[in-house]
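Chain lettering (A, B, C and D) follows the sequence in which the chains are written, and residue indices restart at 1 in each chain.
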Amino acid sequence: MKLDQIANEIAAEIEADAKAVENAADAKTPGLTPGPFGMAIAMVDGSLIRAGSSETFPIQSISKVFALSLALEKLGDTVFERVGREPSGDPFNSVIDLERTQGIPRNPFVNAGALVVVDILVEQFGDNARGVVLDLVKGGIKDATSKAAVMLDPEVLNEGGDLNRAMLHFMAHHDNVCSPVDAIMDTYARQCAVSVDCVGLAQAGCYLADTRIAANAANDRAKRMRTTLALMMTCGHYDGSGDFAVRVGLPAKSGVGGGILAIAPGIASIAVWSPNLDQHGNSMLGVRALEMLNARTGWSVFGPPVG
Amino acid sequence: MKLDQIANEIAAEIEADAKAVENAADAKTPGLTPGPFGMAIAMVDGSLIRAGSSETFPIQSISKVFALSLALEKLGDTVFERVGREPSGDPFNSVIDLERTQGIPRNPFVNAGALVVVDILVEQFGDNARGVVLDLVKGGIKDATSKAAVMLDPEVLNEGGDLNRAMLHFMAHHDNVCSPVDAIMDTYARQCAVSVDCVGLAQAGCYLADTRIAANAANDRAKRMRTTLALMMTCGHYDGSGDFAVRVGLPAKSGVGGGILAIAPGIASIAVWSPNLDQHGNSMLGVRALEMLNARTGWSVFGPPVG
Amino acid sequence: MKLDQIANEIAAEIEADAKAVENAADAKTPGLTPGPFGMAIAMVDGSLIRAGSSETFPIQSISKVFALSLALEKLGDTVFERVGREPSGDPFNSVIDLERTQGIPRNPFVNAGALVVVDILVEQFGDNARGVVLDLVKGGIKDATSKAAVMLDPEVLNEGGDLNRAMLHFMAHHDNVCSPVDAIMDTYARQCAVSVDCVGLAQAGCYLADTRIAANAANDRAKRMRTTLALMMTCGHYDGSGDFAVRVGLPAKSGVGGGILAIAPGIASIAVWSPNLDQHGNSMLGVRALEMLNARTGWSVFGPPVG
Amino acid sequence: MKLDQIANEIAAEIEADAKAVENAADAKTPGLTPGPFGMAIAMVDGSLIRAGSSETFPIQSISKVFALSLALEKLGDTVFERVGREPSGDPFNSVIDLERTQGIPRNPFVNAGALVVVDILVEQFGDNARGVVLDLVKGGIKDATSKAAVMLDPEVLNEGGDLNRAMLHFMAHHDNVCSPVDAIMDTYARQCAVSVDCVGLAQAGCYLADTRIAANAANDRAKRMRTTLALMMTCGHYDGSGDFAVRVGLPAKSGVGGGILAIAPGIASIAVWSPNLDQHGNSMLGVRALEMLNARTGWSVFGPPVG
């Protein structure tokens, strides 16, 4: 079956299935209408498949992947002197881990770790740090309509952040924060607020799928991509990362805006979106759609595609 | 370059490098002589590459992978009603996690989780449970010399186990243990004591590398393999799993006997062995050799091989 | 008002109040009938006040006080090389603390600490350890009827003990257990099973109220009593110790049999009993009665009696 | 022996002993010169005993006792809807507890709890909150020289406070902070900075020693004092509270300025000071002096005075 047929089938089944999903045991807010669903697949060869809604949504925590890419490009593995690379077994906003590790966040995808990465961006880019993730996302989008739709979500820009401030001050106490707390909070809010549609997200993330290594070459870029994918695989879904690895088998990162970016290395970048979340903060229908995609294509880092 | 040349080069470099490794910052016991090193690669096509030592060693925690395979074959995903599938962020022998999760171990590769898997084997196989991992390992080995060398390490059989007993009683308190503690301890000791050489381990684990999915088929076996690999990827090295995923990029499981079994899905099963351990309990030279292999072959779930 | 009048008034009010208590917000099992209530006060001058029920009940964790007295008499403060003397902020049966403190229980009144004290008794008294708490309790009772009523509760003797076994094996792993686990479990069960009525408990505990210090004397005995009272004050009610200190103001120890032993130093030993427990495992009506006694007599270590 | 003789003897012995103390095993910074030592005893009858140094020092955490008194006077036991009254078993600055208890600090003497109490003072006193502890302390001092010596320590006023800010933002996230973080930080800094000599501290705290209860009276004041003493007893020294209760037997509160305020209910208020701290943050020589005082006078809540 062709990939665009598969995508359309998934979108149709998801919609038909919506009523059943409404009261799913793993729903964060049982009884909610599942709402819209969108999906896009950007193949590494440049082709594009889309299905379902083309609404935009804030990327929220998916921005942590783009920010990490920028930090790794600037500093290489020295980034990991200030943030770990282990799954934590704790929810995304735990401060317990920070106390255990003396202010070194467990990985770049828990909130504390993402804030350290933002601190690095502020150090490296100065005032321009406020726009670097927006620029990276926008720069990767080929589709003109999707590119034009990129914006900063005003609600996300104005969200309170007592918990993030708490973690920043805690890390400052342990000398792991360099820039002023307000500057970091502002830059972080702006990267979380970046809003795209599924086509935009898939195309923006497609650079991560190119991990080819050439013989006798430095391959620094490919190694950075593989590092990022390894962290998405082990730490991308907080205390739901192991479950996601079993069910979907692809490195991915979710955001509370309902989006998920998944990477099939060497093949494609996949974006799904649906606003209702499960208890871990992942899009319920999004995870379900990725599971269907895995089942029909065999796309998984743990084996070859179907065929 | 041919794969057997690569393997021999790695073994030679490891040996030459040994002196440098002796006092490595991550050594558990700095100053120890690195000792012998062995390596074997069992390709899915049946061919075999070997380099370095052919000593035997107890597989210890690597047995948890074989035991999980047997439990999944019997019970399917219902195994995960009694043991989780999330990385824990804690060392292999933490009881803290057990208290947080009310007696449900975080995953099948921390000790508590492995003991629950053994409890399942005792339920399913009765007295025969004592030999099922040994049989599975022996049955997978094609090389006659390696097959003949398989034995049970007498020291491992007689190791004390106060910590494991503590965890079993704790889980029994939470109704997550069915068989008598002594029976579980005995079966667990016997599977940890299984001793092989690198060729034996690579061939015994090669079934995990076959994860092909056929269109329009049930594919239960392939799905079980992918589930096992996903857990090896996210949880295989305790609180060093994220680091290993970045450095080596392959699902793998280590044991305190100094062995590591790594799987390149669809390609090969790799066994390395060297007795000196780092602070996480992984073979120092073993990890280093796998990193070298990754660098020269590009074998990693996060991208295609070099070429 | 005379003390016997006060005691009778309290018993009468408790009974009248029982209906109101039934559904108290802090009840462990709301809706239970509060059941019987008993109280006895053994004055240091030898006089005795009693009110309410004279049923017997197993002393359970109150036995930890008697066991500690015996261990301190044998070994003095070296007991505290194997068990701490800090409140834990955790429930009585937490294993988390044990992992944090590497097998040294936080204090002698959490279960793990009580088991170490029993281990000391087994070392010091050999087989006789099985009877030492029973002998101490029986020896302190002057009232002939109460002395004759002392027995070992058969249900308590036969209770399972997976959690206690878990903690013993965990501490054995950290070299803080000397005797066989079964011997410790048996001795511990026998001391928990000692059953008395309120008069018996008050008289048995009265030795703790004599804490006078003479000038120019060694005062070892008085110092041991003060040490025991200090630990009852700070650690006697697990994670409800601070609340109890505020409400009652006396060193005390409760048991899940519904009894509480409280000491007014230099004045009296008080026993109350009522079987329904609050969420911390303390007798609801027992705590209420001690609060009433405090209010009417002013007995509290934080100030002089009323008058 | 007369009390002033006892005090002078203790001061003399402490000084003679200083060399031995220098390298004590429990010293936070072994090898430091023990430095000066001061002591004062304010009897409830108004008489005053003093010995050793009359230097001033910032009261630091001892201010938490005065602040709690003021909050209890305004709000009574409703204070405990926002802060617990249990010992924590953790160091004074742990954020782990806050996560476990969803933003309700364990007790008013850990830093987080003290900050909630300050938040209450800011709510109740508005701008005047900045001076209320200073006023309470100054108002209690009878000795003219000591009263004149009261000041705000400029260094303490200017100390950074990332950890306290972290805890305030964390509690704000859990809706347990009402006033602006900056106002709370400022008020807290000012109460910690209050500097007195030992005579001043003993006289300022003497109101806590008056806990008499009259028959047929409301006794609200006495009950508040007893509540405060109960919390000093169980929580006054963080994770060293049980040890202090055993060694000294009096409700007390220490500060990192080297001062300790201890209360012998109905008898006296005692202040000691010496700047070198043990690992729990308590004055080494201060605790030692209080232990000596206990041994010679028998002053302890767990028994009558010597005689």
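Here, a contact is a pair of C-beta atoms (placed from the backbone, for glycine too) under 8 Å apart; a residue touches a chain by one contact, two chains touch by 3 or more.
Nothing here was measured: the structure is a model prediction, and the numbers come from that model.
The chains that touch chain A as well as chain D do not exist here; no chain meets both. Contact with both chain B and chain C is made by no chain of the assembly. Look at the contact of chain C with chain D and you find the same residues on each copy: over half of the numbers used there are shared. Relative to chain D, the chain whose mean Cα position lies farthest away is B. Per-chain Cα centroids separate chain B from chain D by 55 Å. Look at where the CA atoms of chain A average out and do the same for chain B: the two points lie 30 Å apart. In chain A, no position touches at least two other chains.
Across the complex, chain B is touched by residues 84-90, 97, 106-107, 211-215, 222, 225-227, 229-231, 233-235, 239-243, 245-246, 249, 251, 265-266, 298, 300-304, 306-307 of chain A.
Against chain B, the residues of chain C that register as touching in their complex are 94-96, 98-99, 162-163, 165-170, 172-173.
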